[in-house]
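Presented sequentially are two complexes of chain A, the first with chain B as partner and the second with chain C.
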Partner chain A sequence: MRKGYLGVDIGSISTKAVVVAEDGDIVASAYLWTEGNPIGAVKRVLSEIEGQVAGTDVRVVAVGTTGSARELIGSVLGAQVVKNEITAHAMGTLSMHPDVRTIFEIGGQDSKIIVLRDGVPVDYAMNTLCAAGTGSFLSSQARRLGIPVEEFGDYALRSTRPTKIAGRCTVFAESDLVHKAQIGYAIEDIVAGLCNAIVNNYLNNVGKGKEIEPPIVFQGGVSKNVGVVEAFKRLTGHDVIVDEVGHLMGAVGIALLAKSSGLEGDFDFAVREFEFQTMGDECGGCANNCEVVYVLRDGEFLDGWGARCGTGIERARTASAGR
Partner chain B sequence: MSERLVTFPHMGEYWIAFETLVLELGATPLVPPRMTKHTLEVGARHSPEFVCVPFKYNLGNFIEALDAGASVIGQAGGGCRFGYYAEVQEAILRDLGYEFEMVNLTSSWSVGEFIADFKRIAPGVSTLRIARAFAIAYRKAKALEAVDDRVRKNVGFESERGAHDRVVGRFHRELRAAGAFRDVARLEERTLAELAALPLAKPERPLRVGVVGELYILMEPFANHSIERRLAEHGVEVHRFVTLTKLIEHGIRHRPHVRALLGEADPWVKYHLGADGTESVAMTWKLMQEGFDGMAHLKPFGCMPEVSAMSVLQRISREHTFPVLFVSYDAQTAETGIRTRIEAFADMLVMRARGRNSA
Partner chain C sequence: MRIGLPRALLYHKYHMLWTTFLEECGFTTVVSPPTNRGILERGVSLAVDESCLPMKVLLGHIEALAGRCDAVFVPRQEAFERGEHLCVKFMGAYDIVRNTIPELRLITYDVNADHGVDERRSMIAMARSLGVPARVARRAYVLAEAAQHAHEVELARLQQSVADSPRSDDVRILVVGHSYNLADELIGAPILGYLRTLGAEVVTSDEVDKALARRTGAGMSPTMKWRYNKELLGSVELYRDMVDGIVFVVTFPCGPDSLMAELCARRVTGIPMTTLVLDELAGEAGTRTRLESFVDILRERRRRGHVRAVGA
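Showing the complex of A and B:
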């Protein structure tokens, strides 16, 4: 019997899970859309994982969660480790590309860069305040142009003369794009221009002032867009590696972090059978009116977040007891 | 005629010193209501959209204080847009129909103006009394800073969670009541001794991070989402150098101070960047050479002096592989993004330190 570590990465757009065995083997993996319901997505992802693990000699002894819903799902699964996605991505990528020196990551809502030297993250940056140049912007523009986002990259590759599109700000980019379409630019050239704009925006904001050295690994949903990958190669002047399992790196990383934590606990896939319910409330204890979110397991208070002081969580606990 | 009630903007716990100042001048203070989301909401609603966020917080404090009955506002200014705060805020508040008197304490940095301003806050007050009031308020601010400094460095390592906060809570209450210089000095001494007696689980060589940037965001935990505390909680000794009393000292000795900073910021900066920009560069450069593990650079979105400093800090960071966490603040109140960034930053510092030790 081998020990296994379950890593779950719950992003705004997609939910990923893997089981890494103690010897580093990835014995199970699953990927699906979060669809605005992280708990539902985790239940579905766990049923896939359970099926894949069933036939092996692996038993899950620890759980790690990462991604924007990491705290909620961490409570639901009783996770041993709950960590941010930047650290998880760095660890996951290092396990597969030990010599990586730069990680580009563009996800649904955010983008980040991690600089590593000798297998240690030494610098990182994340987009601030604004979601310009991330996946959600690309998919809304794809919809505007009537192209499935999956084909976006192919359109870009067919372009011979990419048009210039302002990448500084989503609003400016959008008006540029509309204007270029209306004056008659070919759709391929507009799409290619948009891919360049995304990359320029990334390099000038998130990547600003960072030493970008190869090997470069590019991850996140946008890395599936070949147009953006090509633009990265051209603008950095380096090869850019897009891993087949790039989308799982966060989950792999958090599984490895669960392993190295040394913490173990009972994990049962039957957690899927529980009824989880999340509730949101405004505390009302003071003018801050913190938005408190809490989760109930089969009607019982499990955990809560979002309060600046202890009052909000206590109120949530009391409110859920009286329900 | 109703009573003259003197109010001022909030910044961290300095209200204790401001309140003492007004009291000792012989006027009646009105401490603005504690900062909440409401403060920011009303402040932002009546501010120009693109102004830096401290303006919005100040304006929110003033509106809440005026609504509570304040009739005199004390405001300051600085070497950037901050220099126009008092005038613009006064105009906005008058347009909103409030009646009050605005006293800008830093319209010029001359002793004569200073005294005249204090006499506007408390008509008829003697110059001697002004000197004493200023001195005791200043002493209280110093005490606040000494305690704050100790907490920043140790709270991340306390063995019993909440132990520091308990001592500091009592300190604030007693500091507010303290009347004489001697009492303030004794209270400070006793509080520092109490803090020193708290059990700590602190490694011999803890992670050290310096915090630099724009003064208001640095000193107002509500506005910076308690970033110092959150850093500390990841096992970091946090160092900060910008304090109110230092700003006053630097304001009085402006030229020699800037000259000294430019010396420390050499070879990165040749001309003064305005406000705290040059200091952000000078401190980062200095702390890096002292072996600090990283820096956090905080600024309101659109802060010109700090934007100028940023490009220099990015170069220092790149050329010396020295981690700098850049955080911009505006009127957003969601904390998740900030917490994710701080946690990732702290994780990275831990991994770097581990890598260095095993190498």
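Showing the complex of A and C:
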């Protein structure tokens, strides 16, 4: 019997899970859409994982969660480790590319860069208020041009002379795009221009002032776009590695962090059978009026977040007890 | 007469000077409560869209004082030295408030070295216009100035003793931001609190020898115009060798601050930095993710002996 570590990465768009055995084997993995329902997504992802683990000699002894729903799912699963996605991604990527020095990541709503030296993350940056140049921007532009987003990259590769698109701001990029189409640019050149704009925007914002050195690993949904990958190679002057399993790195990383925590507990896939219910409430205890979110397991209060003080959580606990 | 002080903008810097002066002149002072969601929401609805977050906070505090005092105190600061600049919101605060809530009685004083208007004469003139005898007003200013100075020296001394103390095992972080952001209950306090919860030791840019910081900052960039940004810039240079990382706290859409963060990103090498841009919609989740991963990185660097990289 080998020990296994379950890592779950619950992003805004997709939910990923893996089980890493104590010797480093990935014995199970699953990937599906979150669809605005993190608890439902985790239940579905667990049933896939359970099926894959069933035939092996691995038993899950610790759980880690990461991604934007990490706290909620951490409570639901009774996780030993709950960690931010930047640390998790760095750990996961290092496990497969021990010599990596730069990680680019462009996801649905955010983009980040992690700088590593000698196997240690030493610097990072993340987009600030603006989501220009991320996956959701690309998919909305693909829709505008009437191209399936999956084919976006191929269009870009066919271009011989990419047009210039202002990538700094989504609003200007969009009007630029319409203008270029109206004056007769080929759609391939416009798409290639857009890919260049995304990369320029990334390097000038998130990547600014960072020492970008190879090996470079590119992850996140946008890494599936070959047009953006090519633009990265051209503009950085370095090779850019896109991993087949790049989307699982956060889950692998958090599984490894669960392993190195040394904490263990009973984990039962039957957690799927419970009914979890999330509730939102405005505390009303003071002028801050915190939005308190809490989760019930089979009707009983499990955990709560979002309050600036203890009052909101206590109110939530009392409210759920009287239900 | 009860005079209301909004707990916003320069209150966080000059509260000693102001409260001592007004009380020595015989007035009662009333301070608005620490910023909460309700105050911010009122400020947002009173302000024009393009206002910066601290200006929205100010307007919320002004309204919170209405009915609780006889007049509200909103000074106008333009230049402490000839040819020097302050952010336009300090020049405009009085007029913006006056035009936003016209029925409110305001009192003010000007500081504008370009026109020979200094703080001392201006504050005394303000008190005289409210019927305070010249002798009382002059004495009040001397006491207020001394109290303010003692307060600043004490803050700088306390912080310097932290910075000079032997390093504990955990990371030490410099948080760079204006005092009206860092000291604000809703904007900066949760950030400083969260960093401490993570186990980090925190030093801030507003508790520093300000004259020294301004000179140092002017040396880093001769063209940096704004007085308070010179102080922040100087604090980066003064503390960079004593900390593991720097967090810039910037409120949207502050021009001087974004210029400063840019300048540091380009000129100050060898130390990890991160910038948090906050607006009235900012959720805490994104901020926490950034801070937690930043602290993780600093810890990892420290553990592996990357305490000081190249150039530091």
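Just so we're on the same page, the second predicted complex is superposed on the first by the 323 of 323 C-alpha atoms of A that agree within 3 Å, B and C clash if a C-alpha of one lies under 4 Å from a C-alpha of the other, contacts with A are read in each partner's own complex, and residues count from 1 in each chain.
By definition in this document, a residue touches a chain if its C-beta (ideal position, glycine included) is under 8 Å from a C-beta of that chain, and two chains touch if they have at least 3 such contacts.
Since the structure is predicted, the reported quantities are computational estimates derived from the model, not experimental observations.
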Superposition on chain A - do chain B and chain C clash or fit: clash
Partner chain(s) touched by A:76 [first = chain B, second = chain C, both, neither]: neither
Which superposed partner A:87 touches (first chain B, second chain C, both, neither): both
Chain B versus chain C as contact partner of A:289, first or second or both or neither: both
Touched partner set for A:209, first chain B, second chain C, both or neither: both
Which superposed partner A:120 touches (first chain B, second chain C, both, neither): both
Set of chain A residues, in rising order, touched by both chain B and chain C: 68, 83-87, 117-118, 120-126, 128-129, 208-209, 286-289
Chain C residues within the chain A interface of the complex: 36-39, 186, 190, 252, 265-266, 272, 274-275, 277, 279, 284-285, 288-290, 292-294, 296-297, 300-301, 304, 306, 309
Residue ranges of chain B touching chain A (in the complex, touch as defined): 33, 36-39, 301, 311, 314-315, 317-318, 321, 323, 326-328, 330, 332, 336-337, 340-341, 343-345, 347-348, 351-352, 354-355, 359
Residues of chain A touching chain C in the complex: 68, 83-87, 117-118, 120-126, 128-129, 208-209, 286-290, 306, 308
Parts of chain A lying in touch with chain B, wherever the complex brings them together: 68, 83-87, 90, 117-126, 128-129, 208-211, 286-289
